[in-house]
Amino acid sequence: MSQAIIENSATDDISEGVLLDAVNLALHYEMAVDESVVVLGEDVATNGGVFRATVGLKDKFGFKRVMDTPLAEALISGMAVGMATQGLKPVCEIQFMGFIFPAFEHLFCHAARMRNRTRGRMSCPMVLRAPYGGGIHAPEHHSESTEALIAHIPGIRVVVPSSPARAYGLLLAAIRDPDPVVFLEPKRIYRTSQQPINNNGAALPLDTCFTLREGTDISLISWGACIPDALMAAETLQQQNISAEVIDVATIKPLDMRTILSSVVTTGRCVIIHEAARSFGVGAEISAQVSEKCFLNLLAPVQRVTGFDTHMPYFKNENYYLPNSEDIVAAALETFKE
Amino acid sequence: MSQAIIENSATDDISEGVLLDAVNLALHYEMAVDESVVVLGEDVATNGGVFRATVGLKDKFGFKRVMDTPLAEALISGMAVGMATQGLKPVCEIQFMGFIFPAFEHLFCHAARMRNRTRGRMSCPMVLRAPYGGGIHAPEHHSESTEALIAHIPGIRVVVPSSPARAYGLLLAAIRDPDPVVFLEPKRIYRTSQQPINNNGAALPLDTCFTLREGTDISLISWGACIPDALMAAETLQQQNISAEVIDVATIKPLDMRTILSSVVTTGRCVIIHEAARSFGVGAEISAQVSEKCFLNLLAPVQRVTGFDTHMPYFKNENYYLPNSEDIVAAALETFKE
Amino acid sequence: MTRLNEQAGHHALLDFHLEYIQFVNEDSEWVAERPSFATDEWLLKAYEYMVLSRVFDQKAVALQRTGQLGTFPSALGQEAFSVAVGLELQSADVFVPYYRDHGTHLLRGGDNAMSNLLLYWGGDESGSSYGPVQDFPVCVPIATQITHAAGAAAALKIKGSDQLVMVTIGDGGTSKGDFFESLNVAGVWQLPLVILVNNNQYAISVSRDKQCGAQTLAQKAIGAGVQGIQVDGNDVLAVSQAINEARTRANEHKGATLIEAITYRLGDHTTADDASRYRSAQEVKEAWLKEPIKRLQTLLNNLNLWDSDKEKTLQASSTNLVEEQVDIYLKTPTASAQSMFDHLYRDWPDVMNEQLDMLADKLERN
Amino acid sequence: MTRLNEQAGHHALLDFHLEYIQFVNEDSEWVAERPSFATDEWLLKAYEYMVLSRVFDQKAVALQRTGQLGTFPSALGQEAFSVAVGLELQSADVFVPYYRDHGTHLLRGGDNAMSNLLLYWGGDESGSSYGPVQDFPVCVPIATQITHAAGAAAALKIKGSDQLVMVTIGDGGTSKGDFFESLNVAGVWQLPLVILVNNNQYAISVSRDKQCGAQTLAQKAIGAGVQGIQVDGNDVLAVSQAINEARTRANEHKGATLIEAITYRLGDHTTADDASRYRSAQEVKEAWLKEPIKRLQTLLNNLNLWDSDKEKTLQASSTNLVEEQVDIYLKTPTASAQSMFDHLYRDWPDVMNEQLDMLADKLERN
């Protein structure tokens, strides 16, 4: 497991931190080593972000490189396009994914296409960060996870970290990538667990899934905030002598199906877990490809454990909507039924 | 085949027309019988729409009910939300689907949710029409087909007609539906074939697929502009003694999987055809469900014939991107290989 | 501004003029003649609702702090604004709120306005099932409500109604495309629309001067050919006067009005915010000197309409009203899990039945 | 406008003033002193490019009519506008065009500007691979270019550059959120940005008066705290003067300028449009009386800088230039099918190799 190695390699600057700290560390690191990196968004400068992800950046790098924008998401993404074409590397923040829609036109029609439409003359190395997903008892529109919408668009990368160390390495990779990356931060696990983060500037590869736990009987495929649930489910299954492999997709677009397929070829069983609505979600693509390409290897139908095809209920009922480890275990056991 | 019966039932007012005529007829019909129906969009009034879909409406129903809006798609969709809550039935036009993105926030955050968030106190019976898809040698941004993005959002219906008669009946149903409907008009077949259209005000059911051709050996599943290609492919296959069933999905959201699954249970083989980019497209959901639910019936992996995971090339090369009947035949034959 | 320079081909084209409304200044002095609508009764009603609004607000914050409510946006200091809106709304008008209009809801939302607001902020959709059937629910995505308001105003016009649509928005909201697109259509279609900007000087941490380079937000009206006016938003009379003028204008088919009300957000943005991170205690202290409730109280005192006994009674009755409503809120049972599907579509699509089965399985499991 | 009414609490607040620039009127008369930048040489250059632009334009329309080009947006009648932009752009400025700036591209895009434009409108991406590396390609989604321009201007400011960003947009484009959001940020961040509105009176069929209720589009600047000015867009000198003033202002760190140029779209919106459906022949006829090329030609005649021989020579050389470029365009081989993947990402993701295989299969088949 390559990422485990990267995460544990000995270096100088290791500190304990949560996912949010990792995001902050990566931003600090890259702004220090690369002058072209700038940060913009609502409340990112003076306030350090409503989740404190950008805290300290304004003091260190000044208002010139850390910019509080007027309240307009189309503006934020469109200005990032304009900056990116002029040699800057903007990292912009959309305060919650529920407010990302006005940013779509610039993201889809321009960021994703600038290199292609100019045959490489111009490019758009920008990162659009957004806290995403439910589970923190937030008001309406603060719990969306619509990664599938972005993943369908050619020319963008969509990345979702699921641990502090991966958040650090993937965000560095996203900033260094020469093309636009949407970096979705699962806020349900923003502060749930600490991990040593090695602030050594080492990026993790994009375009690759991470196998977090090896197993032989079933493959659990997920990303973001559902990863802890998947790992917990794997533990539970282990108690029933079922050996589950857990794969963190991490980069949803472009999708590394090789890792997923080679896992399912071995295990013959597959459960895909995500929090977004089921229909036309990212799980559909993975399920489709697994079934299309492991046709002779699959021992049972692929299972999807997902949110429902309805709006995330207001927070009193959000737990009814969110998949959890019991749901995953149940789906996994389903694949062992005759 | 119920829709065939509806299409051919004898009534008073039958005229030959292309898909575009059907749209225009349906709008005329419903505006005449229902005073609350209004039309708004760019160039829809004086000019009758850039494709002439709304021609004649302004003269018949006046500027009060047929409104040229300022150039702003967010405005168009957001005003439609505002009108719909106040007892009107707005039918708004987005000039090309490539320009729909600014309309998303209102569509996704409000139209799709108004009934749910007010527990039924308020509703949003609006239709958002947009010409969509490639193949007419149009400039950049005029060939998009991103129906998957809308289909992922709960609370909306997504409807795509594939013939003049279905366009007429489905658009009437869309306008009469008490909830928001996105009605995507495949402009590649706007004028390609004439058909008798019965202007009798009869709506077709939403939430149901139409079986356009019965067959026993393989199911070809598609919608919109790919339907003629699918039908042509079925003809070609027939010459090789392969009996293909052709299903027009028509209503993509909510998706009538019953018709599709019962077809595949019989045929054991399935090809899904769409023009949009492959990954995370509508085909993924259908393929996933077919594989998940016809696990023991499938004789071969599901095939998807789709656009590529890249931007629709400018028109000189657009045919390399678009799926055609040869591609469908090849995919179908693939399912008969050992 | 360009100075006229005919040598360089310049010619004068147009001039624009902007005004400000204030009746009662921060020292509770009349700076204009008392308007006829501001009867003793009217002033007392305004005061009572402003006080009730504040009591409610403090209670809601307390509920959040004790884990009995979700994130809550206090309207502390902005009571004159939202109460004036509530006072001037006519029952058949369409009210399109943003999320900081508690005072308006108290006047608009019937007996259970407070418990419904608490349900909403407590994470229960049923909080938005109340109120006049044409009014919009609380709107979270910034500035989107103004486009709905424009659409609703167009609907009124199409239907030949004489009513108004009144929409509120924050200063931050005036930077988003929806604001301008809607103002623009209001101008060109001459819509019966009143846009009320609660310019409370902050959008979370972003101060007004970082939001817009113009001297006023009211002048945004000029570019849309709409009437714009700035008012002292801590003067309940000024806000009401501006609304009344806007109604007259709309009734005369002269179109929409943009009203910028100068207020100050005395509290945090929401209970999830800590404003001390981005603004000085000194600034807040100075803002307290202009706050609307004290100002109106002093005015009432000066008019011999108020005394400390009356104040005591009002505080007590307000607290009682709020507590009753809190009780209703806390006792309202949470909706069932299945209710998440109840209002997705009016006509449940059978093809979605699988979803119900999945939920039933989940409930059995968990 | 509100009349000041102190009885009703009104107080004067602010006044704004808007100007108009014109040097040469529609009868080719000087209405202001000839500016020093407008030397004989400058006027002749402007004229030559305006003529070349029109010849190119007519050819492009002809190519479309004969199936050799895709949909094309003629710039007929708007040559003064786009040529002035081209003349005033400095090489290190950033130009952010919309789609009707052919005249600017002729001055900006090097020897093959025309063939590249034809490639673009002929359905070949390679048409946008030319020109100054910092300039943006033709932008189809209305008004989005203005936000890129604001971002580019912010980048210049961050990098401490003294150059400008110049962005063009249509009258219709000024109704879309992007326009306002970008104008607003230009005001508050004092960006070195010049926004040039080609107000050609129509957005496809929608006339200017249906687009906005304000008397001018220039006054939209007021709400953003930005300098706004209206100019005669058929007077190449007026457009240039406004740009020069904008540059001075930006260099003095006084921020952005909005320039509304009054033009008229003498042709159809594009070759896919038929303008006779929505406007009268009479209106178009009157507009021809103000068109920029004839106006400048008469001025040059009056200045003894031009005669019919020179005109004949210019027409011939322009036609030659255009024909040469058309030839290059028509002879340019179409890119391979595989090229659709060439610039999707800089670093081709191996995980996407399946796509290449699928394309190879398709090519084999078809």
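Here the chain labels run A, B, C and D in written order, and each chain numbers its own residues starting at 1.
The working rule: contacts are C-beta pairs under 8 Å (C-beta built on N, C-alpha and C of every residue); 3 or more make two chains touch, one makes a residue touch a chain.
This one's a predicted model, so the numbers in the text were calculated from it and none came from an experiment.
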In terms of CA centroid distance, which chain is the most far removed from chain A?
-> D
Between B-C and B-D, which chain pair is linked by more C-beta pairs in contact?
-> B-C
For the pair chain C and chain D, the C-alpha centroid-to-centroid distance in angstrom is 41
Distance from the mean Cα position of chain C to that of chain A, given in whole angstrom | 36
Residue numbers in chain A touching 2 or more other chains?
-> 70, 72, 74-75, 98, 102, 105, 109, 116-117, 140-141, 154-155, 254-255, 308-311
Do you know which chain C residues sit against two or more other chains?
-> 125, 141, 175-178, 181, 184, 188, 210-212, 344, 352
Report the residues of chain C in contact with chain D in the complex, numbered from low to high.
-> 1-2, 4, 6-23, 31-33, 35, 175-181, 184, 187-190, 209-216, 218-227, 229-230, 237-238, 241, 245, 255
Hey, which residues of chain B end up touching chain A in the complex?
-> 74, 98, 101-102, 104-105, 108-109, 112-113, 116-117, 140-141, 146, 148-149, 151-155, 253-255, 276-277, 279-285, 287-288, 291-293, 295, 298, 300-304, 308-311
Complex interface listing, chain B residues touching chain C = 38, 64-65, 67, 69-70, 72, 74-75, 78-88, 90, 102, 105-106, 109-110, 114-123, 154-155, 157, 178-179, 207, 254-258
Quick one: which bits of chain C touch chain A in the complex? Just the residue numbers, please.
-> 70-71, 120-125, 140-143, 172-173, 175-177, 203-206, 210-212, 272-273, 277-278, 334-335, 337, 339-341, 344, 352, 355, 358-359, 361-363, 365-366
Residues of chain C touching chain B in the complex = 94, 96, 125-126, 128-131, 133-134, 136-137, 141, 144, 147-156, 158-159, 177-178, 181-182, 184-185, 188, 342-347, 349-352
